[in-house]
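Dropping the structures in below, format is structure tokens.
One chain, subunit A, links the two complexes that follow: it is found with subunit B in the first and with subunit C in the second.
For the complex of A and B:
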């Protein structure tokens, strides 16, 4: 619903991303890579989902090749312990997946080149996403930061912001090795919060994807800050458009009002994201140590 | 070389006895045209024309042509130059057609267009243009150097070269730039006067004073350089520079004494009341519009009389000042000789070098047959419509008052932060023949929009399109950011019916565009707040991802937890001593109850948070032991 209200063109990107996730869960890696390539061609950031979705597809392939006497089935669908020797080779899988992705991307770019007079569309489309020249207000963190940034420091902070965003993809995969779907959903959350041209549609799509991890929410020990985060989200989603109107149309508000609302919105989304990651990891740990259910834990 | 040129001059002059002025190789003329306008205004048009033969120009021998400008033109290979400094607004409705059909005026601020020798490449004319604007900026003390690629366009049909370029015409490229925000003032007038041979010290140029010129309702200073090849002088081309100052000043305002410029109301006896108004009475008066021609004197209007004359290379038929008034208006001229011509409305005067010239006209009731003013070819106005600082729309009204349809070229050069949506371009009641459109690139070039339109007779055409406003970076806002940004005026060229050369020009006013502004006091705050949010997220996720879970009782207690527990116990002990007996009883009860009594208090501590994890752990351990034992 948030996507419909926001009316961003990322609806197409989200569609292809979800298609890719779905095909990965079914083990169809070619179609998954194809859909992900289309999503990346439209907006650049689904490229970050390449490791998690690849992991997800690999795991599903492993599962699908397990013998029938595996009884772990419905209770913990994400868990498996595959020690079979007929596990598909990682390198083989990797090359096929990445190769399919690159091939599709190259095909789409070549198609664009055929329709357009030159390769000048590449900097126009992709470099604008990377260098953020247009600073229209949006519910993200980047626009006001780069409005108020002085020119000599602009490239440095652009690099820092992009490095920060890129640095989440592989660690999520490594940590949530046993639950790649959680890695995918967390990565969706990271891009929804930290991408330069954030919009309500992507955040809405991610929040609805949280239902994929609903199994972790059943245990009451896993989520800690649900009520405050959801309340803040509701509060900012009502105030955000009001302050935007007040700044640009009524002329009685300041840019700071709207900026503060975007800060709080992103903070709420971050709390939900960290809560989700905590619940996923806690659930994983509790599955290994059933006596720890409901107990207080510490992290070292 | 020079001697031969000097000797050749009188020889050529002897040959051309009755030649018209512009074909003479080295020549200089100046002329002032005065025309009273309705509503107590006066239009004064100063024209200073100097020529130099192209051969002398190329060999750097200058006589009346200003050397400083010539060197700039030679260095940048500019073949034709038109530079305008304009302030104010010409009132079409009251004053009729613009002087010289709008060919010697520009849009508000500074307007510059030039034909530059392209050398066949795309980048060379832009480099030469950049050198040209920077050099002119230094010469005229105007910030012309701000005309960079974001403000330069290449019009297609709007301008035609006025000079005779011959075979070079194909290699020339036209570049046009406008600065609507430029404030034109005395520091632009002084270099303008310095380009004249007499340097503003003799002749009609003495009348040009910054105080009066920039106080006018409308003024335009123009410099036009073009090559002219007349057929009469045997193929010798000359380079002509025309400097003109055109002004429409309000006579009562200009006649105010400079040392006492405060406007004071007229005495009530001198004011004529409109008797037809219902509230007219002895103490309420609605003044009648003044239709009488006011009395004015040239020295009062311009501040001082015209001193001397700048007569170089003139023939006896030349005249310096023309006054265009009805023949029955009495005029008193001193210090000049009047030349009689058959025309009844024009009076011509020739200044003499030894005396100062003054004109005085007494007041006169509104004339029976007033001077016919020419109807302008087109009335053009333009506004920004819409509300809010996110989007808006441009609205242009073009009115054709004549009985025949008009073909016109309408050109707009928009800044890049005004993003028009071309699919919303609508033209009502007119026909669009052609559209030339160059889209904008952020921070590189602006939008160039040129339309060829046909407007039917005696009708009004409306041109509208929507646009979106961009948010700029902190350093791109001017110091007075909330004033807004100026959008350059639209230039309209009314094509003459026979097609081809010429045409009259009408310009709209410039517009003020208000863009959304950030809070300029907050760069540091924004950086730290955003960084805080990002760091919170990164820190939490990093902790979650890199740390593993353990049960609270499996780890040794952290020293911090022990310190906090001891501090809490000490505080509780202090509070217990104050209460006295209660504490002893509770202690006894505790000792009796043993483990089960400890549990509630420990359970209370458990709710204090993780720091007491060890207490919780101990309680759990004891519970478990109890269960195991039982």
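For the complex of A and C:
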């Protein structure tokens, strides 16, 4: 609802991202890459979802592919293409997926070039996303840092912030290779929290996507911090606009009030994200060790 | 045992489950007590001028001598104009301003609220500082009719004299705008709204013309309220009004400047909130504090200055009070000195406080000292809500009374280890049951959406039917909780979840409101405090007592009581009309807080109490 009030274009990005995820779950890699390319063309950050969505598509392809030597027929216990020979080749899949992505992106950029007078749109669209020149206050973490930063250090910090965000993509895929959908949803959370032009719409879309992992809701002793995190989200979503108004319109607060509220908002989202990651990993662990069900974790 | 082990042992302890209502009661008592402590010397400070550029009272004011004759002439002119119809009056004032060398313009406006129309025309002129760069402006206001609807003869005359006097000085670094609105509330509102926009599209309730003439960014505004008639009357003290719309306050420096100049340089006593005598005792300080809280929580305009404050333009009104020996020239010199001080500013007043409570003209309480009172009151709701949330996760077997049959059931036991100790406890006491959130959340959302109906009723009905609308709302308020409780059967856990969610929302909203309008949060927090203590109960006596306490502290009853206590002569209809005008024309949020925040929480409290009746009947 807040997204509808703000009318940002991230609604389109979210739509195409979700479309891409959906096609990946159906194993249709071309359409998935196509939708992801459109989403990346609009806002740059869905590119980070390439590894997780690729993994998801590959996983679904494996599941839907029947084994080559299916002599037992429908009664065969081997439902999936589990042997190495039956699986689609990784390199083959990767090349097709990535190639489709690049081709669509190139097509869209070429179309833009045809419609616009020059290539100037490239720096004005993508470099503004990368170099973050617009520091209008938003619920993100970047604007406050970059406002007070000295110019010589700007590129360094820009690099550090982007490196931090990029560095989550592949490790999520590696660790959650058995549950690629969880990797996708976690990566969505990372981009919602850490992207330069953060907004409430992407955070809201990610929170809705958490229901995709509803199988973890039943796992006991997980989701330990939902109530405090949601209560904090409630408080910060009320205090954020209040302090924004006090700072910019009433002139009686300053940026620190608003940024502190933003920090707490992102902290609450981060707690939900880490809780989700914990529940996904715990679910995996309990599948291997059923006797551990319900036991609390202890730090040793 | 280690501390962490002790804390873990508390997890199942029944003491913690019983604690929240007592904590909430403590929070409410602390909140009330906090306010009562504020008038003491330890919690308040003397006022001081923070901005060094102001230099209050350092200039010699030359307003006097022959200006007095000019003033008397203008006062007779104003009296003559007041006998004429409105068009002639405005033309007359425009001519006087134009003759003094000001650039003049006028702005008609019209508001339509509750079937009543409020019309008028603002007349204004601009003194352009000959050496100024026209980027900033100060405003001198003198409404034609003051807040008590008397004609502001001497105020307007003084403003006209000062305009002529100011236009002869070349020291001004900012332009001076002289504004003469038709009334004290809607005229300045229309003017300042139009000043800060290119054009305001007309709506069904508002039609404001654009301003043909504008100056730079507004820095400060001073309004004069001196309704003495054509032969004049001396006054004894100045009452300073400083409340803005929605509880916003001007920078304290502007008040300190005016008080310092009036009482220091000119020797005129300054009072607040119509307290003509102030002996600086605890009682008087508490009285001024309470008046300040009342006007701030209502958030309605208290004078011509109120409309400017939401636009970050500091503004005050100087109102003459009583019968003494100060005359119009003293007031004129005070105004001149204040304008000379504002003239010195290089930027908006920002050094001093924006959030304060005044105990007298020289004593204030800063925000760090009074804000915790409202926060603690909001905390009482949050504490109860957290307690209820935890209770809602407990299993029914622990809550049901121990019957003989229980001993015969096989109770599953489980060992609980803490360090080296072990205990055998019923398994169900350490597990949490799954909470059914859907029905309570939906009910909460539905009740909050329903809150827009009383809001619409109270703001859109015609004047004659407003009182009927309030009676209708009262009737619905009494019936709605019971009907909801009977149609939607809630289990114990669901009722606790519903109340918990409602109280969390109320606590969060009141805490946020306290940062914007402290007094409103305090008042609503006090009136809604029974909501933290009502519980679903199967005893009909307790339910009846809770229902009675809820009915006494309900929003509609609060409106009736407010009218009876504070405006007994005006009548319910007039009060409701003023509230409706506040919402529609002035943009005051009071009605939304009452009907959109407090009333839904109250209805939910009623539903929870009602569900106790239903559970007992089962």
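In this section, the second predicted complex is superposed on the first by the 275 of 300 C-alpha atoms of A that agree within 3 Å, B and C clash if a C-alpha of one lies under 4 Å from a C-alpha of the other, contacts with A are read in each partner's own complex, and residues count from 1 in each chain.
The working rule: a residue touches a chain if its C-beta (ideal position, glycine included) is under 8 Å from a C-beta of that chain, and two chains touch if they have at least 3 such contacts.
All values reported here derive from a predicted model rather than from experimental measurement.
Once subunit A is used to superpose the two complexes, subunit B occupies space that clashes with subunit C.
Of the two partner chains placed around the shared chain by superposition, neither subunit B nor subunit C is touched by A:108. Once chain A of one complex is fitted onto chain A of the other, the partner contacts of A:239 are limited to subunit C, with no touch recorded for subunit B. Legend: residue contacts after superposition of the two complexes on their common chain; A:281 is shown touching subunit B, with no touch to subunit C. In the overlay built on the shared chain, the residue A:249 is in contact with subunit B and with subunit C.
In the overlay built on the shared chain, the residue A:212 is in contact with neither subunit B nor subunit C. Applying the stated contact rule after C-alpha superposition, one finds that A:133 touches subunit B and leaves subunit C untouched. In the superposition on chain A, the chain among subunit B and subunit C reaching more residues of subunit A is B. Once both structures are placed on chain A, subunit A residues 249, 251 are touched by subunit B and, in the other complex, by subunit C. Within the complex, the subunit A residues that touch subunit B are 133-137, 141, 143-151, 164, 168, 171-172, 175, 193-194, 247-249, 251, 254-256, 259, 263, 266-267, 270, 273-274, 277-278, 281-282, 285, 289, 292, 295-300.
Those residues of subunit B that touch subunit A in the complex are listed here as 387-390, 442-443, 470-475, 516-519, 522-523, 526-527, 529-530, 533-534, 536-538, 540-541, 543-545, 547-552, 555, 610, 613, 616, 620.
Chain contact summary for the complex, subunit A toward subunit C: residues 227, 231, 234-235, 238-239, 242-243, 245-246, 249-252. Taken in their complex, subunit C has these residues touching subunit A: 248, 310, 312, 348, 350, 354-355, 389, 504-505, 508-509, 511-512, 515-516.
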